[in-house]
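Have a look at the structure below before the remarks.
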Amino acid sequence: MADAVKHTITIPASTEYLVQVREFVAKCARQADFMETDIGDIRLAVDEACTNIIKHAYKYDRNQEIYVQIEINKNWLNITLLDSGIGFDPGNSKKPDIQESIRQKKRGGMGIYLIKKFMNKVEYSHNGTMNEIRMKKMRPSIVSED
Amino acid sequence: MADAVKHTITIPASTEYLVQVREFVAKCARQADFMETDIGDIRLAVDEACTNIIKHAYKYDRNQEIYVQIEINKNWLNITLLDSGIGFDPGNSKKPDIQESIRQKKRGGMGIYLIKKFMNKVEYSHNGTMNEIRMKKMRPSIVSED
Amino acid sequence: MSDFEINNRSINGLEIIELRGELDAHTAAQLETALQKLIALKNYKIIVNCHELEYISSAGLGVFMAYIEDVRSLGGDIKLSNMSPKVYNVFDLLGFPTLYDILNDEADAIEQFNIKT
Amino acid sequence: MSDFEINNRSINGLEIIELRGELDAHTAAQLETALQKLIALKNYKIIVNCHELEYISSAGLGVFMAYIEDVRSLGGDIKLSNMSPKVYNVFDLLGFPTLYDILNDEADAIEQFNIKT
């Protein structure tokens, strides 16, 4: 059994780098044998988490950085995001009520729900000066192919 | 406030009539102002329920009949299916495990899950010689349109 | 870097916006501007053709939420068409299909506008 | 009465099945026959293009479940492409996207086969 493989990327905290994070994530997920649909889901989860860090943790201060690490082990794809912005814990988020948001002229509140929907596990924590978001998704066991 | 509107169709218990049931259902759902996506969901729920009656309640005896009634009232679309075949109650059906079904060379077990997923409420009952399936879906309240 | 593009067409008083590429928190601003322009010019019957939209995040969904009420109260609508399954899935998870008219084809969306007029 | 049709094409050793219309408990038998024929003729690399498939019920899904293991154990696969959101949604609700390769375009499905060969 091979050791876990790790890949990392660090981006400035600005939305124009989201596309690079998505490409990085897709490449890793493809290497971990996910089907195309799941690769799309994982890209979205990481995009939403990075967008939140840029908007809420760093309040659009583009001098800050986001660190993204992806570990592929036998059964799991593990993603870790680190930032040094405002700390946060989402608690239990329920399904957003879009109709209600439209009425109240709000347009957000969907990101964390999507992250939790697409990943098998999501944890927010705070260590010293860093915030850490860990998420994991189970690798596929392809019918009759191994 | 107008009285509830009712529409009915009766079909022979054979799969070639499923297409007619779907057209009937779509017409009623459109009249009740559902969005196209929801109309598709309702058609599928009724198709699955009729397919089950044909296969399981009547065991493909095409001399039997299925009666479908749709009632549109202020807030709800109510669908009632009647058959005189073998009685049945699905209890609590959980999400089918497709990977497991493939391994066991089974290919069914998805219909009731889809019916419950797409409708807000589904009830099976037995009255005298008839089985009754009742399902309902809430009519849309369109943002700012009334 | 982000690969996103918007094209406009009009057909018999309906405005068609075609989206191409990836709609995220960065490119959402372009869509916002395009919708604002249409509304400023009193075009309230809008079809967003998503045929070549390859990706959408919640920032993109937010733009559609921001204008739907105004447009409807002015007798129009924003109807969406030609989504890929991947893109539709995001709308679906959040319950958009019950609130927004999402059609398989642009032609169906045009037809829906014509039925209601 | 049911409006369903299957067309076959082959491209460089890949078999493309195009579905058109509504796939239900009645028309599922036609798809079953089409797949059985391909497998009998030792064609295990199959792409099902769903571009014009307007409807699928669980009876249709069942056909895909019945042959995937055999085809994969013989070195092939059944890949699905060009689904409309409505059709994809049914596959998705039942967890197919994790078990089956579902691609936006037929060209992507062809590419996936070529990568693995």
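For reference, chains read A, B, C and D in written order, and residue numbers begin at 1 within each chain.
Following the convention adopted for this analysis, a residue touches a chain if its C-beta (ideal position, glycine included) is under 8 Å from a C-beta of that chain, and two chains touch if they have at least 3 such contacts.
These numbers come from a predicted model, not from an experiment.
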If every step must land on a chain the current one touches, say how few steps get you from subunit B to subunit C. 1
Using the contact definition stated above, find the chains touching both subunit C and subunit D. A, B
Computed over C-alpha atoms, the centroid farthest from that of subunit A is that of chain B
Computed distance of Cα centres, subunit B from subunit A, in Å: 39
Could you grab the centroid distance between subunit B and subunit D? Build each centroid from C-alpha atoms only and quote it in angstrom. 26
Quick one: subunit A and subunit D, Cα centre-to-centre, how many Å? 32
Flagged in subunit A as touching 2+ other chains are 37, 99, 102-103, 143
Identify all positions of subunit C at which a residue touches two or more other chains, and write them in rising order. 68-69, 85-86, 92, 99, 102, 104
Using the touch definition up top, name the residues of subunit C that touch subunit D in the complex. 54, 83-89, 92, 102, 104
Partner subunit B, residues of subunit D touching it in the complex: 1-3, 22, 24-26, 55, 57-59, 61-63, 65-66, 68-69, 85-86, 90, 93-96, 99
Residues of subunit C touching subunit B in their complex? 68-69, 72-73, 92, 97-104, 108, 112
As the complex stands, subunit A meets subunit C at residues 15-20, 22, 37, 40, 43-44, 47-48, 51, 54-55, 95-99, 101-103, 105-108, 110-111, 113-114, 117
Per the touch rule, the subunit B residues reaching subunit C in their complex are 35-38, 140, 142-145
